[in-house]
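Chains here go by letter, A, B, C and D, matching the order in which they are written, and residues are numbered from 1 within each.
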Amino acid sequence: MAPPFPWVYTPPAMAREGKNPSPSSPTKPPKPSSPSKFKPKITQSDDLPLEKDLLLRMHDVMVKARCLEERLIAMYKSGHGYFWIGGPGEEAFNTALGLLIKKGEGPAYDYLHFHYRQSATLLAMGEEPLGAIRQMKNTATDPYSGGRNFAGHFAKKAWNVAPVSSPIEVQYSMAPGTAWVQKRFGGDGISIVTGGDAGTAEGDFATCLVWASRPGKEVPLLILVTNNRWGISTPYTDVQGVEKISDRGVAFGMRTKTIDGNDPISAYLELKEAFEYVRTERKPYLVEARVSRLYGHSSASGANFVTNEADCIAQFEDRLIKKGLLTRQSADALRAKYAEELAELARQAKEEPFPEGSTIWEHVFKGEPARDPLATEEG
Amino acid sequence: MANMAQAVRLALHYAEEHLGVTDIFGEDVGPPLGGVFTCTQGLKTTWNSPLDERGIIGMAMGIAMAGGRPVAEIQFCDYIYNTIDLLKLAGNTLWSSNGQWNLPMVVMTPVGSGIRGSIYHSHSFDASATHIPGWKIVMPSTPLDAYGLLLSACQEQNPVLFLIPKALMRIKGEELIPGEPSEDKALSKLIDAPLGDRTQWKAQWPAVQPVSIPLGQAKTVRAGSQLTVVSYGRTLPMCLLAANALASEGVDAEVIDLRTLWPYDWATIKASVAKTGRVLYVNEDTEVTNFGEHLIRRTTDELFYKLLAPPKLLAGKFVPGIGLADTLEAASVPQQSDIHAAMKKLAAMEP
Amino acid sequence: MAPPFPWVYTPPAMAREGKNPSPSSPTKPPKPSSPSKFKPKITQSDDLPLEKDLLLRMHDVMVKARCLEERLIAMYKSGHGYFWIGGPGEEAFNTALGLLIKKGEGPAYDYLHFHYRQSATLLAMGEEPLGAIRQMKNTATDPYSGGRNFAGHFAKKAWNVAPVSSPIEVQYSMAPGTAWVQKRFGGDGISIVTGGDAGTAEGDFATCLVWASRPGKEVPLLILVTNNRWGISTPYTDVQGVEKISDRGVAFGMRTKTIDGNDPISAYLELKEAFEYVRTERKPYLVEARVSRLYGHSSASGANFVTNEADCIAQFEDRLIKKGLLTRQSADALRAKYAEELAELARQAKEEPFPEGSTIWEHVFKGEPARDPLATEEG
Amino acid sequence: MANMAQAVRLALHYAEEHLGVTDIFGEDVGPPLGGVFTCTQGLKTTWNSPLDERGIIGMAMGIAMAGGRPVAEIQFCDYIYNTIDLLKLAGNTLWSSNGQWNLPMVVMTPVGSGIRGSIYHSHSFDASATHIPGWKIVMPSTPLDAYGLLLSACQEQNPVLFLIPKALMRIKGEELIPGEPSEDKALSKLIDAPLGDRTQWKAQWPAVQPVSIPLGQAKTVRAGSQLTVVSYGRTLPMCLLAANALASEGVDAEVIDLRTLWPYDWATIKASVAKTGRVLYVNEDTEVTNFGEHLIRRTTDELFYKLLAPPKLLAGKFVPGIGLADTLEAASVPQQSDIHAAMKKLAAMEP
């Protein structure tokens, strides 16, 4: 079940070598600023200013999320799925985010307009990983899309998780809408939108800023950008002249911040502040988080671990171990435990059937029977 | 009698009072203007949006997701083309989430020629719209239909695109909307915003009653035996006039107002064409990859052996725009005389 | 020849009363900042720091442009045209702009991506007004569109004037393209794009900022926004939270400025500086000019003179008269002269034929015969 | 033999050397990647654009205006739908300026299913594209055609949309491109970027020669007498296979590769259908308001009395997306077996 004609997002060998592709070109002089200059700076302190329980919970989710993504990649590589895309490298930020979300259905809870790297957030919210595995395998049991959509394309109405869709940045045009309803509804439910750095070049990012900041009608929207300095094979600095993406919000009178998304502690604290502001002030806040991309763009680029970017889990474990909150052994054991659990789930999903071809007619219109509108009696 | 702009307004009033409509918005939709065609004057949930069509559609999707019931306007359908990806997304959201997220939202937009709108105020959108799965698509040709169909649209669980023929916007209906005052001009006094300062003005809404026109039902506006004409929007009244005129020339045509383009009322068309053996589809969108061509395909698929003549399409010429000068507009989209001639010719074709 | 079914952009009576429509609503409380607060501030000095010749030339063009627009409006009102839109109120800025343009065809000259209020710029460049009158009357002789497009929709390849098109803001997505060619071409030709304030809410405005400022590939593009504080009937401050539109450029590392577009002298000096920067540095510059809208949005709003906005010509004439560069009599005579000349041109255009219906097939494809591709022998 | 990705690359190389192409750009089009399908590796005028499809089309228009010759890529046609207003604008720029401003520009984009691309890497764009006046629209089904047609596109004075069927991207051609080395793998060694570090790599371009395939000419890939099949892109080779298979079942089908969708080669279709009396149009775009329906309309318009059976369309199902699972993709777009069955059925219909 390998992809019949895969497209290549980055040269496979580069991924195999464990490097994100170099931006330098055979025909052009080196670009003014090379991407390495922009690797998230490691300025993480020895201080761990959060409760032990929370720290360990974060670590647990991060490891689980990494193991899930690695299992999905393994499934892809062994032919149990056509395409992988996901969030390894963003676990620190995404876990912190998930732990701060007010989970539930309807405007009293947070609405989530995510892109395709958000697995750690879902796990932090308490989601079972089996669904992601089923979606990877495109089984009929896939709870998010019934075998219709790619891995990482979550959709869960019970938790206000809007359907992740592949077109970059469209979620930024929709997010002000849920937030507008929440503004009117009252309470402290907010909307949250995530996306990548390259995607901010789409007009939809600007649309989001415009609609979130209408005077007197500002909406409770947490606008997040996870900046990994890549759009597939294209370094951010090759194509965009904005130094700090968060600065895009300044003209709109919005609160903004650029943070280190590889440090789960500072990510948690910064996000907490932003959440509190948005929940209580009912106004937008734009946060740019610098993160890593640890397995390249997607399976199309080989999905191999890269060695030239910071690994938030390794860093966090070092800090936890240093403080005596974790041992190397317990960390390894945790990873082994999750790896085994996820392998078992994958084995389970592999036995499950694909959707029937006739299911394509289901859910075209809500409340209407599944049928081909052009079917005739003669067939 | 209400004209179509007033009928839309009355329907929206009913919908915000009784059907849970929460937001009626778009460029210049709120006070003081109430829409460039006055369709949204005096309503209580209207507001003016930024000049950003992508934002308008995105906002409608978000409102619908969060349990609101939006009616979003694109000021002219000519400006909807940069949102087609979002329209497609709205149309596939239920499907790609395997039934979880439906989007009860209405997008309304004026369409078509007939007001000398030149290149960018004359577009049709029915061809593009009918190629987008997951949407219901409506296009009334009378005020009463506009009223009833918009009420249905506002009760839908799925996205509905409501196309309003500009050329018919100011034409009064022949039937009263239930609850509408019957004296001439009385309605206008109640619900048309005054000239001059409007800050103190409030619409005096008549107690209009609901009318049920389910989506998906065509209306046979003239029964006939020799020829079927299927149309909608601006060209529909012309088809009816042509049919009436041709009656005196010995051609007895049946005229069907499709009203809903998707899902469309195939049963009504099929029964008619099975009876007459001849069909002319009329619309004003450009004629290549045109919705009328779909209807012709369906006709040949299911009625080929009953046809007495080739099924025909009369539509807009395949040119990059509708030019401003009368001569250009008349040469570009079907006019009364074109329809008359096409019907006559089709009726005369040897089987 | 009155419009069969005109749409109304603003309530006609409001326009008749000579006021731009009030933003206050029957159902909502007054907005936080009323538009009047944002009326262009009149801070025009007594100093006239430009050569006398240039001052008088500017005045001459401004008056001519106003007379042209007033003639077009008169044509609309007497049924000689279906729709009017144009630039009365923007003459100061648009004239200054036109005088600074390097006029010609090809990348050595300036490319002009204009919107529909640019008549004064064309006249300042030396354009004959007869073309605008013919376009208003949609005659076959209309040099810009052959009777196809609305008034104010110029297109003149010989002077690099890109076709003005009705969709708001699309020109901002195209302008970086001509500027990119000019960057490579060298020389001092630049591209110039204009549009309104409301239109900056479209994603295309952001697209322009992104594409103009790619690192190392910045393009010589003068990005102009004429801010009249209105989008048809909607006050800017009702829908946009950006105080100074020019601030939108800051995050992109762009030079920016907000200027008084009602003062032809400061407009000229500010634009001159911006032009010089863009011509020599080959980088973008974003200028927001605060201007007036003196006849409402368009004929759909009645096209009547409003009395609550500053009139750049009246102001400029006062200053010129004060300085002794002009007398009231000579100013009035100038206006009368142009009014008469333009009336005469309108009389001439009225005699000219409309395009033949069959011309719709012309210029579908360059270099190919005019024909209906679906025409059959039987017809 | 070159595959289609290599053929496109060779054509672009020829075009930047000899036809004045100045800019080949789009997302990931420049080094190091050279396009997600490798179509633009090693070329000298490529560059990576911001992730902004509207900017890509706008930039192409601007470059064309200023005398450049751009080839812009939209990475997948699934992401072109927010630019349709700009495509329409590009298509009407010559017309609305009354002949002044033509835009010599090429937009290329991969289309269609067949690679398990799920909802957003499986779209077709032929229906939407053929509804936009002012564009020429090309869709090759062999590497040599891709090469020749792209050379023609790069010499056009008008906007050309070049649709590349993803499913055929890696299929080798059966004919050599003139100048292409004939030994297997030799071409790959010359022009495929190496695995690993590419900073020092340069393509070794073979001295390819121009091939003239004018836009607007179809190719009859199999002559036959009983049935005409008209297709393009991914489904074309399947139609040919089906025709060959059906020959042994006594059905002699003529297969036409349309190659250019607009302006299309009606003369070739008409002559064929006049001869066979039966026609099946095959494409994989969703079937409502589909370009094949236009071709059916044209067929009934001009050939009604010559038809021995209803003209048929086999196209994609009218569903909101193509699902990822094999079962879903197979149920959504025409497969070999569907084409075979449709041809057989049509051949057997009683006149």
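In this text, a residue touches a chain if its C-beta (ideal position, glycine included) is under 8 Å from a C-beta of that chain, and two chains touch if they have at least 3 such contacts.
Owing to the predicted nature of the structure, the values given are computational and were not obtained by experimental measurement.
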{"item": "Chains contacting each of chain A and chain B, listed by label", "value": "C, D"}
{"item": "Contact-graph distance - origin chain B, target chain D", "value": "1"}
{"item": "Winner on C-beta contact pairs when B-C is weighed against C-D", "value": "B-C"}
{"item": "Rounded Å distance, chain A centre to chain D centre (Cα mean)", "value": "34"}
{"item": "Chain C and chain D: spacing of chain centres that average the CA atoms, whole Å", "value": "41"}
{"item": "Euclidean distance of C-alpha centroids - chain A vs chain C, Å", "value": "44"}
{"item": "Chain D residues counted as touching two or more neighbouring chains", "value": "50, 52, 54-55, 79, 82, 85-86, 94-96, 119, 133-134, 288, 301, 318-321"}
{"item": "Junction residues of chain A - those touching two or more other chains", "value": "145-146, 148-149, 165, 167, 201-204, 207, 210, 214, 238-240, 364, 373-374"}
{"item": "Of chain A, residues touching chain B in the complex", "value": "106-107, 111, 142-146, 148-149, 153, 155-157, 162-163, 165, 167, 170, 172-182, 184-185, 191, 203-204, 207, 210-211, 214, 362-367, 373-374, 376"}
{"item": "For the chain C and chain B complex, residues of the former touching the latter", "value": "3-14, 16-17, 21-28, 82-83, 138-140, 145-150, 165-169, 198-199, 201-203, 231-234, 238-240, 300, 354-361, 364, 372-374"}
{"item": "Chain C-touching residues of chain B, taken from the complex the two chains share", "value": "27-28, 30-33, 36-38, 42, 44, 47-55, 78-79, 82, 110, 114-121, 166-167, 169-170, 193-202, 287-288, 317-321, 323-328, 330-332"}
{"item": "Of all residues in chain B, those that touch chain D in their complex", "value": "54, 79, 81-86, 88, 91-92, 94-96, 119, 127-128, 130-131, 133-134, 262, 286, 288-294, 296-297, 300-301, 304, 309-313, 318-321"}
{"item": "Chain D - residues contacting chain C, complex", "value": "22-23, 50, 52, 54-55, 57-68, 70, 85-86, 89, 93-102, 133-134, 136, 157-158, 263, 298, 301-302"}
